[in-house]
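After this come two complexes, each holding chain A, first together with chain B and then together with chain C.
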Partner chain A sequence: MVQFANVIVYSYQYLLDPKVAGIISKELPKESVVVFDEAHNIDNVCIEALSVSVRRQTLEGATRNLNRISQEIDRFKATDAGRLRAEYNRLIEGLALRGNLPTTDIWLANPALPDDILKEAVPGNIRRAEHFLHVLRRLVQYLRGRLETENVEKESPVGFLVSINNHAGIDQKTLKFCYDRLHSLMLTLEITDTDEFLHIQTICDFATLIGTYARGFSIIIEPFDERMPHIPDPVLQLCCHDASLAIKPVFDRFQSVVITSGTLSPIDLYPRLLNFHPVVSRSFTMSLTRDCICPMVLTRGSDQLPVSTKFDMRSDPGVVRNYGKLLLELVSVVPDGIVCFFVSYSYMDGIINAWNDHGILKDIMQHKLVFIETQDVVETTLALDNYRRACDCGRGAVFFSVARGKVAEGIDFDRHYGRLVIMFGVPFQYTLSKILLARLEYLRDNFQIKEGDFLTFDALRQAAQCVGRVIRSKADYGMMIFADKRYIFPNSFSITLTSKILNSLIKG
Partner chain B sequence: MSGSHSQLAKKAKYKTTIKDPGTPGMLRMTLEKFMFTPQNPKSANKVDMEFRFIKGQKHTKEDPTKEKPPPALLNLTDRQGGSYIFQFDNFSDLQHCRDFVGKVLSKSGEVSERPTVTCADEQLSTAEMELRMKLLQEDSELQKLHRQFVIGGILTEAEFWATRKKLLDREASKKAKQRVGFKSAMLSDIKGSSDGRTNKVTFSLTPEIILQIFAEKPAVHRAFLSFVPNKMSEKDFWTKYFKAEVLHSTKNAVAVAAEAAEDEDLAVFLKRDVILENEARRKIRRVDPTVDMEADEGDDYTHLPDHGIVREGSKEVTESQQELYRRNLSQDINRHAAVVLEGRAVDVELEDTRAIAEALSRSKQVNGESDKDSNQEKLDRISRMTEIEDLHNSHDLPLAPLCIKDPRDYFDSQQANALRSSGDLLPGNEQIKCNLSTHEAYGSLRDSISAIKRGGLKDPIVKPEIAFQVFDALTHSISTTKYNIGRNPQESILDTLPKKTKEELLHHWTSIIELLRHFWSSYPLTTTYLYNKVSKLKDAMSQIYRQLEDIKGTVQADFRHQVSLLVRPMHQALDAAIQHYESDMQKRSAKSGERPNGHT
Partner chain C sequence: MNNGADKRLNRGAEEDEDDEDDGDGLEAWERTYADERSWESLQEDELGFLRPIDNKAIYHAQYRRRLRSLSSSAAATRIQKGLIRYLYIVIDLSRAAAETDFRPNRMVVVAKHVEAFIREFFDQNPLSQIGLVTIKDGVAHCLTDLGGTPEAHIKALMGKLECSGDSSLQNALDLVHGYLNQIPSYGHREVLILYSALSTCDPGDIMETVQKCKKSKIRCSVIGLAAEMFICKHLCQETGGMYSVALDEAHFKELILEHAPPPPAIAEFAIANLIKMGFPQRAAEGSISICSCHKEAKVGAGYTCPRCKARVCELPTECRICGLTLVSSPHLARSYHHLFPIPPFDEVPLSRPNDPNQKAKRNCFGCQSLLSPGNKPGLSVACPKCQQHFCLDCDIYIHESLHNCPGCESLRNSKSVIANET
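Right after this comes the complex of A and B.
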C-alpha cells in the first residue's frame, strides 16, 4: 500500500521509532516530503521512541518468553534442524543478508542503527540459537540483580556496559546485535504471536540501544516511586536525552522535512533540540476578523490571596477553595461547555476530592454536569461523548482534563463544546523526576539550554496547547483563563515567552 | 300512529331560522331519531337526525290572551349549538311532540345531562376536551372565532378543530415529552446523620434516591433483584449497602478488602462494578467518532508496557487484589453525570422499591433491543461528523425562502397594489393629457410658445392654482398612505385607524380566513353534509360581507379611503367564494332538472 499511495497520514512513531519504522516506512522514496504537523511535542516523541523501561514484570515475562523460545528451538531441532543451520550461515554473512530483504532497503529498516552494524558479521557467541538464549538469560538475570537495589542509581551507558561485561560476561558488540538477532530467530521459528513476546523484545531493545549509543542516554534505577516510598516498585529506565538521535535518520534520508505546529514557540529552540539547520524558518500571525478570544490571567482568588499550583502552595486549602470559587462563578454564567485543565492527574484527583468534601462540586453540579478524564481510555471516551451530548442538548457541562493528557493532545473543544477554558496552574513537568533532571543536565551541557528556560518553554507550550483546544476556526469564540500568579511574574517566566505564547494562542 | 309509544308522525314546517317561512312536510319521530320529509321532494331541507345529538328542546307557549296566537314552534337544539325549528299547525301537535322528545331525552338522560360536546363520529376523551378548553382559554382570538362559528352553529366542533390538528398535536406532544429528570446532586451527597454519641449513622432513603442508586449502580440493582426478599429483608439490604458506602468513604482499600473477605454479601457492593464495565464496552461502539480515543489506541502503541519513559501519572501502582476494591471519585462523577444526561427511563409511581427495580430492568431491556440500530446510528454519526464543509455544494436550493413574519405585511403589500390601481383611476391633469392626441398636444405647445414669444416669460410661469392641482394629483397617493408607510415602515396603516375599527377589521379578517378555509375545503360537494355546511358558510360570509360594508360606511371620513383599501381584498376573497358558490348552485340546479332531487 505504501508504494502506491500519494499521501500517507500516520503517527510519528511510524517514522521515528526504529522498531516500527523498519516495518512500516522502509519503502518510502527519498524524494518524499515529510511533514510533521502539530510538532510542538516532537522532541518528546523522539525521546520516547528511544527510551525503554524495565520492571519486575518485564523480567518475569521475558523469562517466560525465553522458556517458550527454547521449547520451540527443541521442537525445530527434532523436526527441521536444517532451518536453524541455514539461519546460522546467513548470520555469518552479516545482518544485511538476513531474511529475504533486498540489500538496498536495509538501511531503511534500521534507521537508528549505524551503518556498520548491518555489514558486520553477527558475533559468534550468539549465532547459534541456544547460545543466544543463554546470553539473554544471563542478561535478564543481571538486570534482575540490578533491580534489587535499595537506592536510586544513575549510570551512563558506558558504565553500565562495563558492569554487564564484568558480571554477566556479555560484551558491547553482542548487546548491539540482540534486537536483530531476536527478530531473525523469531522469523526462523515462525513465531506469529509477537504480542506475546513483547517482554523479551523490550529486553533486546534495551540491549541494542545500550550497545549502540554511548552518549545521550542514561540509566536510572529507582527502587520505588518517590511519592509512594512504602510500595516497592523497582524500575530500570534507559532514558534518551537527545531528541536529535531519533530524528536524525529522517533528516538524513528525506530531501524535505517540514516541522509545523500552531504552538512552535520559541521557534529557535526546536533546531537546537533536534540538532538541525532549518533552511526556512517562518512564523505567521493569524488574522482575525474580530476579537474571538479573550485570554485572561488570573493571579488572585476572590479573597485576594494569590493562587498558584506551585509545589508549596498547591495543597493550600485557600488555593483549592479559590479555584473552586472561580469555577463555580464561571459555570453559573458561561453557556454550554467549559473545559478545565489541571497540571496532573494526582493534582486533579486531589482537588476534586477536596471540592467534593467542601460541597463546591455539588454547587457546580447545580449548573452543569461534570465529566472527568481518567486514565482509563474507555471511560474517558464515554465521558467525552456524554460531555458532547450534554453540550448538544443545551444542558451544558464541565470537562476536567489534564494537561499533557490524551484529551489535551487530541480532542477539540470547538464551538459550543468549549466556550471557556481554564488552565489551573502552570503545567510544569514533575521537576523532581530523576529522568527530567538527567535530561536537563544533558541539555545544559550539550545544547547550552538553561534548565529554567527549557522547563518554562515546555510548560507554556503545554498550556498553549490546552487553551488552544477551544478555538478551531475563525468563526469560533471563547474565553481563556490562566489561573496562576506565575503567569505574570517575570522572575520565573521571561516576558518574551509569555507574549509569544499569547501570540501563538491565536494561531492555536 | 300518534298513539304509538315508540313513534310519532306530525305535519310540520321545517324552518332553518325563525324567519324562514318554512318547508311544509312530515315530521316523524322514533325513539332513536327524528326525520323530516318535505312535501316537495326537490326541497333540500330534509332532516334526518338522531336524538343522541340533541341537547334540549324549546317551544313556544300557548297564549290564548293574544289575538293572534303565536306560531307553535318546537326548537330542538343539538350539541353543536345548531337548532332544528319545526312549526306545527296547532299546539296540541306541538305538545305531543314535546312530550315525546322529553321522554326520549330523559331516557338517554345521562347523555343529555353531560355537558360535553360530542361530534358526529368520535366521542372525545376528557383529556382532549380539557386540552381544547385550555387552548381556547389561552388564545382569545381563537376563542372569539370558536364562539362566533361553533356556538353560532356555522361550523361543528369537529370541523373547527379539524383544521387545527397541528395545534392540538403540538400541545399534546409538549405535554408528553416533559419528564422529570434526575437531580444533579450526587449520590454521595446523601449524608447520614449520626447522633454523635454512638457509632451509629442513620441514612434516610426516598424512592427517588433508590431509583438513582439503581440507575447509577447496576450491581446494586442486580443484587437487590436477586437478594430481596428471598435472602434478606429490604432493610438489611440497605444496611449492608450503606455499610459498604461508609467503608468506601474511608478510602482505605486494604480495609475494604478485608471486610469484603469476611462477608460475601457485602463484597457485592464493595467490588468494582462488572456490569458497568460491560456496558461501557457496549456503549463505546456508539460514541462520536471524533472523540473516540479508544479506537486509535491501537495506532498509538506507546500504551504497550515498558515502552518509553514513565511519566508522572501514568503509573498504576496497585496490587490486583486490592484493585478490585479501589473506587474512584472521578468514575462515580462520570457515571452520575451520564445517568443524569440519559434521563429517567422509568415511569412508575415511586412507591415500592421492588417495583422500581423491576421497572428499571424492563426499561434496560428495551434499551438493549434498540442497540441493534446502533450500527446504523454510528454510521450516520460518522458521516455527519466527518463531513468536510468545503468539499460540499452549498446547501441552498434555487428557491426563495418562504418567510411570513407578520400577516399585516401582506396587507401592506396589497395596499400598494391597490393604490397603484386606484391612482390610475384618479381624475387629474396627467389623465387628461394622456387623452390628448398628438395633434392637440402639439397645438397646445405651439400656443404656449407663441404666447411666450408674444409676452415674454410671465413672472409665475405656471399659475399657482394649476401647479398645485398637478402637484396634488401626482403626489396624491404618496401624501396619504404611501407617506405614512414611508415614514415608518414598522407602522402599518392599521395602526393609524381608530382602535375599535382596527380590531373589528382584524377580527373580520381572521373570521373570513377561517370561513374560507372551511368553504374551499368542502368542495367538491359530494355529500349532503358538505352541501349543508357550505350553505351555512355562505350565509355567514354574506353576513360578514355586509358587516364590512357597514364598517366602511360608519368609519370617519378621514379613514374611509384606507378602510376601503383594507376591506377590498377581503371583499374580493368573499366575492370569489360566493361567486363560486352561485355558479356551482346553478350547475346543480341545471342538473337537478334532469335528475330531480339531485344531490340530496
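Right after this comes the complex of A and C.
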C-alpha cells in the first residue's frame, strides 16, 4: 500500500525506530519529502528508539523462550532435519535472511542501522542453532549476574563488552549478529506467535546494539528506583545519548527533510543535537488580528512573597497558600474551563492535600468543579470527559494535570475548554535520574552544551508545549500564566520562550 | 508608561478581567478613569483661551457606524419585523450581581438601565408587552406578569433589589418557556437575559431546555456583564438571538438599547395573520363607571372596550373581561416606521473654500442653522431622495426620534410621495 499512496501520515517511530521502519518504510522512494511535524521532542524520540531496558522479568521470560526454542529445534531435528541444514548452508554462503537481500535500499529490520550492519557472513560460532542457543544462555546468565549488584553502576559499551568477553566468553562480532541470527532461526522454525518471544528479542536487541556501537551509549544498572529505596527493582538500561544516530539514515536517504514545530526554540540547538546542517532555517511569527493571547509571568503572590516550585521551597506553607489564593481569585473571574499544570504527580498530590486542609479547595469548588489527572488511563479519560461536559453546560471546571503527563502531550483545550492555563512552577525533569545525568555528561563532552542550559531548554520547551494547548486557532482566545519566580531571571535561554508568546509579552 | 511596565515585570499580575484588557499600557485602576479625564482633552488656541471641545464629529461618526451596522443587512430589502412582541426580561440577582466593577454594583446599574430600556421599549413598540423574571438563590421568580404599562414593572423592580445565592439559567428558561407558551401565535416570543454570573447551577440538562426553547420559537438574547460563556453563546445561536458582553456602563447601555427596536422575524414563524384589535373611544368627562383594572368606581377619563363595554384606564392594554387588544391609532403609527425605515443620509464632501461652483452659505433644512459657520468647513449630510442638506444634529434626531425626513414630507410632488411609500 505504501508504494501506491501519494501522501502517508504516520507516527515518528515508523520512520526512526529501526526495528519498525524496516518493515513499514522500506518501500519509500528516495525523492520523497519527509516532514516531521510537532518535532520539538524529536531528540527524545530518537533516543528512545535506540534504548533498551532489561529487568528480571525480561531475563526470566528470555529463559523460558530459550527453552521453548530448544524444544522446537529438537522436534525439527527429529522430523525435518533438512531444513536446519539448509539454513546452515545459507549462512555459510553469507545470506543472513532466507531469500535474497533486496536489490533496492538495504533497510533491514535490525536494531542497528543499515550502514552499520556488516555485509559479511555470520560468524562460525553461532551458525549452528544449538551453539547459538548456548551463546544466548550464557549471555542471559551473565546479565542476571550483573543485575544482582548492590550499587548503581555506569559503564560505557566498550567496558561492558570487555567484561562480557571475560565472563561469558562472547566476543563483539558474535553479539553483533545476535538479532539476525535469532530472526533467521525463528523463521526457520516457523514460529508464529512472536509476541511470546518478545523477551528474547529484547535481549538480542540489546546484544546487537552493544556490539555495534562504541560511543553514544552508556549502560546504567540501578538496583532500585531512587524514589522508593526499599523496593528492590533492578534494571539494566542501555541508554542512547546521541539523538543523531537514529535520524541519520533518514537524512542520508531522503532528498528533503523538513523539521517543523510551533515551539522549536532555540532553533539553533536542534541542528547541534541531531548533527545536521540545515539548508534553510526560518522562524515565522504568527500574525494576530487582535490580542487573543495574554501571557503573564507571576513571580510573587499577593502578599509579595516570591513563589516557586524549587525543591527547597515546595513545602513552604506561604508558597502553597499563595498558589492557592492565586487559583481562587482566578476561578472567580474566568469563565468556563481552566487548566492547571503541575511539575509532577507527587507535587500535585501534596499541594492539593494542603489546599484541602486550608479550605481553599472548598472555596474553589464553589465556583467551579475540580477534575484531576491520575496515572490511570481510564480514570483520566473519565475525568476529561466530565470536564468537557461541565464546561459545555455552563457549570465551569478546573482540570489539574501534570506537565509531562499524557494530557499535556496530547489533549487540546481549545475554545471554552481552556480559557486560562496556569503553569505552576518550571517543569524540570527529575534531575537525579542516572540516565539524565549520563545524557547531560555526554552532551557536555561532545557538544559543549552546558547541563544547566540543556535542562532549562528542556523545561521551557515542556512549559511552552503545555501552555500551547489552549490556543488552537486564530479565533480562539485565552490567558496563560507562568507562576514561578525563575521565569524572569534572564539566562542564555531567556529567549527559549516561544516566539509568539514572547512577542505578546513585549507588546503587553 | 515606564513605571507601569516595570511594576508589571516585577510584580506580575494578580487578577485580570478578560474583557476589560485593552492592552493600552494602562493599569486596571487607571482604565476606570480613562474616559473621564476630560481635562486632558482641553486645548488652547493662539490667544490662550480655551477652545471648546469638538466631540460632535466623534459622536456623529459613532452614530453613523451604528446605523450602518444596523441597516447593512436591511439596506436594500425590507425585512419583516415582529411588531407585537412579548418580551421577558430576566435579571440575575445572584451573588455575582453584588460585584463592584460597575459602580456602585452590578445590580443597581442593571436596574437603572432596565428602567430606561422599558420606557424606550414601550416608546418604540407600543403594541408589545414586557414581563420581569429574577433569578435568586438558584430559583427563578416571576416578578411581574406580561403587561403593557411601564410604571408597574419599574415599581416592582425597584422594590426588590437584593442579591444572594447562585444563578440558574435553566430554571429561568424553564419558567419563561412555561409562560411564553401560553401566548397567541401572532406574538413574537422573546427573552432578554441580563447575566452577571460566570456559571450556572442547573438541576438538569440545560441543553434539553435550549432545544425546548428553540422548538417553541422563543428568541433568547443574552447580555453578559462578566465574561463570554459558552452556554450563553450556544443558547443565542440556537434560538437566533444576540449575545453580547458589556465592557463598561456606557457600553452596557448601548447594548441594552439595541434590543428596543424590533428584531427581524423568524422565517417560518412569520405567517401573515389577521389580528383582532379594538380602538376604544374615550369616555365622556363626567361619566362614572367601575374600572376593570382597579376594581373601583372612577369618574371620567377612561376608555370603553368596543366589544364588552368595560372601562380601561389607559392604552395600549388588553381588556380584562373579553381579552381584546385595545390600541389607539397613534400607537400603530409609531410602529409603522420600523417597517419602512429612513435610508441613511449620504455624507456631503467637505466644501473647498475657494470653489466657485459651491453655493456660498447653506442652511440646514431642518433647523435652518448655517452649515459652515466661519471658515471652517462643516460636516453635513443629504437625504438621497429629496437632496436636502441637514446638519449632524438634525441627522441624528431624524433617524432616532422623528423617523420621517422633513425634506421628503414637504415635497408637494405626488410622484415623490408615492415613491416614498413603495
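One rule holds for everything that comes next: the second predicted complex is superposed on the first by the 469 of 508 C-alpha atoms of A that agree within 3 Å, B and C clash if a C-alpha of one lies under 4 Å from a C-alpha of the other, contacts with A are read in each partner's own complex, and residues count from 1 in each chain.
Here, a contact is a pair of C-beta atoms (placed from the backbone, for glycine too) under 8 Å apart; a residue touches a chain by one contact, two chains touch by 3 or more.
For clarity, every value in this text was computed on a predicted model and none was experimentally measured.
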Under the superposition described at the top, does placing chain B and chain C together on chain A give a clash or a fit? clash
Applying the document's definition of touch, where does A:Ser11 land relative to chain B and chain C: first, second, both, or neither? first
Return first, second, both or neither, reflecting whether A:Ile411 touches chain B, chain C, both chains, or no partner chain. first
Partner chain(s) touched by A:Arg395 [first = chain B, second = chain C, both, neither]: both
Touch count on chain A, higher of chain B and chain C: B
Examine A:Leu382 and indicate which partner it touches, taking first as chain B and second as chain C; both and neither are also allowed. first
Using the superposition on chain A described above, determine whether A:Glu329 touches chain B (first), chain C (second), both, or neither. second
Just checking: does A:Met479 make contact with chain B only, chain C only, both, or neither of them? Give me first, second, both or neither. second
Check whether A:Arg419 is in contact with chain B, with chain C, with both or with neither, and answer first, second, both or neither. second
Which of the two partners, first being chain B and second being chain C, lies in contact with A:Val34: first, second, both, or neither? neither
Looking at the overlay, which bit of chain B runs into chain C, 5-13, 23-31 or 473-481? 473-481
Intersected contact list for chain A, partners chain B and chain C 393, 395
Can you list the residues on chain B that touch chain A in the complex? 184-186, 188-189, 280-281, 283-284, 287-288, 290-294, 297, 299-317, 328-331, 333-334, 337-338, 340-341
In the complex, go through chain A and note every residue touching chain B. 10-11, 13, 20, 47-49, 51-55, 57-58, 198-199, 202, 225, 228, 231, 233, 235, 237, 239, 344-346, 348-349, 352-353, 356, 361-362, 365-366, 369-372, 374-375, 377-386, 388-390, 393, 395, 397, 400, 402, 404-407, 410-412, 429-430, 433, 435
What part of chain A is in contact with chain C in the complex they form? 291, 294, 296-300, 302, 304, 326, 329-330, 332-336, 367-368, 391-396, 415-416, 419, 477, 479, 481, 488, 507-508
In the complex, chain C residues that touch chain A: 9-18, 21, 23, 169, 198-202, 205-207, 226-232, 234
